[in-house]
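Next, two complexes with subunit A in common: one pairs it with subunit B, the other with subunit C.
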Partner chain A sequence: MFLGVDIGSTTSKAVILDSKLNILSASVINTGTGTLGPEKTVKAVLSKAGLNEKEIQYSVVTGYGRMTYQKADKQITEISCHARGTFFLKPNARTIIDIGGQDAKVIRLDEDGRVKNFAMNDKCAAGTGRFLEVMARILDCRINRLSVLSQKATEEINISNTCTVFAESEVISQLAAGVKRENVAKGAHKAVAKRVAGLAGRIGVEPDVVMTGGVALNKSVVDALEQEIKEKVTVLKKPQIVGALGAALYAFEMIDM
Partner chain B sequence: MNRIEEIIAIMEDVSRYPAKAIRESMEETGKEVIGCFPLYTPEEIVYAAGMIPVGLWGGQKEIKKADKYLQSFCCSIMKENMEHGMEGSYEFLSAIIIPAYCDTLKCVCENWKAAVPDIPLIAMVYPQNRKITAGVEYLVNEYKRVKDELEKISGKKITEKELEESIDLYEEYRKTMSQFVAIASKYPRTIDAKKRHSIIKAAYFTDKKWYIPLIKELTTELNMLPEEAFNGIKVIATGILAEPEVLLDTLVQNNITFAADDLAHESRQFRTGVSNSGTPLERLALRIAGNQKCALLYDEEKTRGQLLLDLVKEYKADGVVVFMMKFCDPEEFDYPIYKKELEAAKIPMLYLEIEQKMDSVEQIRTRIQSFKEMLTV
Partner chain C sequence: MKESKTSKQLLQELLNQHYEEALEAKKSGELVAWSTSIAPQEFLETMDIKVVYPENHAAAIGARKCAQEFIDNSEARGYSIDLCSYARVNIGYMDIKESVAGNIPMPDFIFCCNNICNTVIKWYENIAKELHIPMILFDLPFNHTYEVPDHSVKYIRGQFENAIVQLEEISGKKFDYDRFKEVMKISSETAKWWKQASNEAAARPSPLNGFDLFNYMATIVCMRGKKEGLNLFKLWAEELHDKAKRKEGPWKDAEEKYRVMWDGIACWPYLSDTYKVLKKNGINMVTSTYPDSWSIIYDSNDLDGMARAYSSNYANRNLEFGADNIVKLVEDFSLDGIIFHSNRSCKLMDFRQYEVQRKVSRRTGIPSVIFDGDQTDPRAFSLAQYETRIQALVEMMEQKKKERANRE
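Now for the complex of A and B:
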């Protein structure tokens, strides 16, 4: 049995694979790097699969918190793991867009699933899940309802500031000027998409484009992104666990080699 | 400790504690010290004036006072230099020379006078069209002005002979360094990316007469060893400078080494020599005229990409690492041009946006490790 753990800034994910590469179990916990989140998610994934720690032959940790998690046999970056996980699920993928809680990445793959190039956003919340969280708070909307709110928009507004802090005050003044909440919500999704499309522009986009990471569950971002990059964007079934799946695949290869 | 390790340790010590090294040089030689802002500051003239030129390439101080003069979109080298100046860490300098290449440097010249009035400033401008006769003449005149100013500080005239001797010394320095980096590339474990950086950096804080023999000795000692096998990744480094050190640590941890570099702080200093003909100041001006492929010197043919491609080929490097000094406009203007050329040649490239003091390096760690995985896994 092979374990992959992906410790992000806001969530911890884990996947267990058997030696035939079937996914035995997966778990997502809404606590990121630190001790609690990773421990909980590993516990959850083990119990779902009905396994104990000793039955894990090899484990790989990835993600923002990978350096501080001591229990894995090896650590590999989330760039490599997202690439491996995505390619496993969708061998036609050539561009991966991964938007997480605090960062965004674009990864280009070759026909063999190897990473050709990648780009990451800098330490800035623009173009990440964090930006949407801030917007949801101002709009007094639960984060998982933000997309629904945005679908009701009647007009497209622009949020011109990329910086989250400035965008926050910009939006507050728009609301004060009478702009409707749903229109602001739509603008917020577009702002994220624009920023990520800019990131993608650095290394180029080649179809098929696949989106991973928690923000992929937000349909409005996906729609806005399709418009910005002018390509169809496929969202994998469980976009959050792709990094952990990639880590588990690496774990399998370590033993298999 | 063998001799190689000893020399490396000496150089690391100098780079780590530059102020201490400079004070020691002052005591030993009894010479005054002139601070030289980047880049291509005419150190030869300073040396001929009987003073030691030292390089001022920023540092890792927290920026508090410099914000008064430099906006947040200025490069960190200049903010650091200004902070050090205002904090008094340059008090041992008799003067500083600032060549105005970029917008930031132009402003710094003016700011300096107000911010650090105790350290006299010698400002100079490099000609945009440095290859044409008028450009060379203009630069010779600028050098004359710098020379006059230095003479006022030292209180004595600089003779032609002193200039010639100083130029010879600097030519020897450039030759020694070119040999060193060529040999060092064969010993990637003994001279890893961080050590290489420290060794080259030490030149900025010491008298070249002290520094050159040690580097020669190091090169000779290295040359006697069998070439080192290396299973890591060899890259060409390009940009202004490869700092902060934690970046170099991360590169070393990931088994990434510099096969060669095109860094303003390193090889661009010594890869072009002076001309053999003309008066001493003309020889210096012609060195700048002949200098190519540097973001700070106008290059109408945009040859930097080809230089990087040649280096990759010559050193059989696996890729290029771009150390992009945040907000350095000359470097940023070059980037899209050579990026295209490297991409067309399918050379893997790692782009690192840097500041001299970086509080969070996690992102960069991930980028470096991903780059390694991209080339190995």
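Now for the complex of A and C:
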């Protein structure tokens, strides 16, 4: 059995594979770095699969918190793991867009699933899940309802500031000026999409485009992204666990080789 | 018998001497100039005018991890956070005048050459205004053509001639043309040896640990026109050559697994952190765009040649040249990858970075990464993010190595 753990800034994910590369179990816990989240998610994924720790032959950790997690046999970057996980699920993928809680990245793959190039944004919250969280708060809306709110928009407004703090005050003045919440919500999704499309433009977009990461569950972002990059964007079934899956696949290779 | 010194020891001595002499000169009422890092120092050296380099000094302050105090000072006085952090550190220093990284005397005049960027014009103009001192400006137009056009050479030469007059006025001394000829010769020679030394890193494994380039750089900036500088670089080149002959790599305790170039300035406040991440992964930075920046080589007594040479540095050349230059480094130094420092301070260097990366990757196929940082502002860098990028680079380089091995 092979374990992959992906420790992000806001969530911890884990996947267990058997030696035929079937996914035995997966878990997502809403706590990121620190010891608690990763431990909980590993426990959860083990118990779901009905396994104990000793049955794991090899484990790989990835993600922002990979350096501080001591229990894995090896650590590999989230860039390689997302590439591996995505390619496994969708061999036609050539561009991966991954938007997480605190960063956004775009990865280009070649025909064999190898990383050709990547671009990352993480010095700034614009274009990340954090930006949407801030917007949801101002709009007094639960984060998982933000997309639904935005689908009711009657008009498209522009949020011109890329800086999250500036955008926050911009939105507050728009609300004060009577702009409807749903229209602002739509503008917020568009702002994220624009920012990520810019990142993608830097290294070029080649179909198929696949989206991973928690923000992929937000339909409004996906729609807006499709508009911005003018390509169809496929969302994998469980977009959050792709990095952990990639890590588990690497774990398998370590033993298999 | 006197024991012979290593170039590293000599380097430190020369740097100390450089700063001491400048402070001494100031005390005894001699003129002191502040100059940009790739300026025609030949004129100052000929007139025996002591000069210090604020960029060097700011880098030293950054490396001693005490830049923040100076940055806070200049920002509080209204300088924008978007301004180059060398400028912010230097302007802060003008007010504070005291640093554990060493002190420099205040200038009597400014010697500014914009072949590195246009930020320096306003930065130095502000100093000149604030201190009511004269400024000698060399305007070296950006080369939109591949080579330096003749009309620029003419324009720059005219400024050289004018600078001599300005210097005579400021110092009240006559310009000694014979001495000038001599200084030109030494400067070109020193530049040749600097280039020669850095070329030794082409050997596999490289005898040079590339982060040393960052240290020696301080001396190529301030000692280029001096015999001592010449001797230093000769010695360094010889040391490296011997090491290469013995097939010694950059480290005693680790093997050189990957060879990369570093584009841009170091992250001075995190010099050892950034270095350790590379070493841990067996990455040796064998070259950068720096060696060429100071290989200012021309025939003695050829003012036109000198004008052309000063306008030929990487930063002042067009995109095509920039890409060609790096492609050549990839070949000459057998590079496995490239690390681009996206430096918040240096708009000039960042401006074309993405496109250079694209062009180089298309032509050479080697992997590269861009990380965000700043040369002296400690607030604009995250070690974890840097490490992720470097590790991703390693994963890509490893992949390429495997493919190559499979093919062979």
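FYI, the second predicted complex is superposed on the first by the 256 of 257 C-alpha atoms of A that agree within 3 Å, B and C clash if a C-alpha of one lies under 4 Å from a C-alpha of the other, contacts with A are read in each partner's own complex, and residues count from 1 in each chain.
Following the convention adopted for this analysis, contacts are C-beta pairs under 8 Å (C-beta built on N, C-alpha and C of every residue); 3 or more make two chains touch, one makes a residue touch a chain.
Small disclaimer: the values here were computed from a predicted structure and weren't measured.
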* Clash or fit: subunit B and subunit C on subunit A? -> clash
* Asked: Which holds for A:80: it touches subunit B only (first), subunit C only (second), both, or neither?
  -> both
* Touching A:179 in the superposition: subunit B (first), subunit C (second), both, neither? -> neither
* Would you check which partner chain A:51 touches, where first means subunit B only, second means subunit C only, and both and neither mean what they say? => neither
* To do: For A:120, decide between first (touching subunit B), second (touching subunit C), both and neither.
  => both
* To do: Once the two structures are superposed, pull the subunit A residues common to the subunit B and subunit C interfaces.
  => 64, 67, 76-80, 114-115, 117-120, 122-123
* Contact residues on subunit A for subunit B in the complex? -> 64, 67, 76-80, 103, 114-120, 122-123, 250
* Asked: Across the complex, what residues on subunit B touch subunit A?
  -> 348-349, 351, 353, 360, 362-363, 365-367, 369-370, 373-374, 377
* Using the touch definition up top, name the residues of subunit C that touch subunit A in the complex. => 354, 361, 367, 369-370, 372, 380, 382, 384-385, 387-389, 391-392, 395-396, 399
* Structure fact -> So, in the complex, the side of subunit A touching subunit C is made of residues 64, 67, 76-80, 114-115, 117-120, 122-123, 202
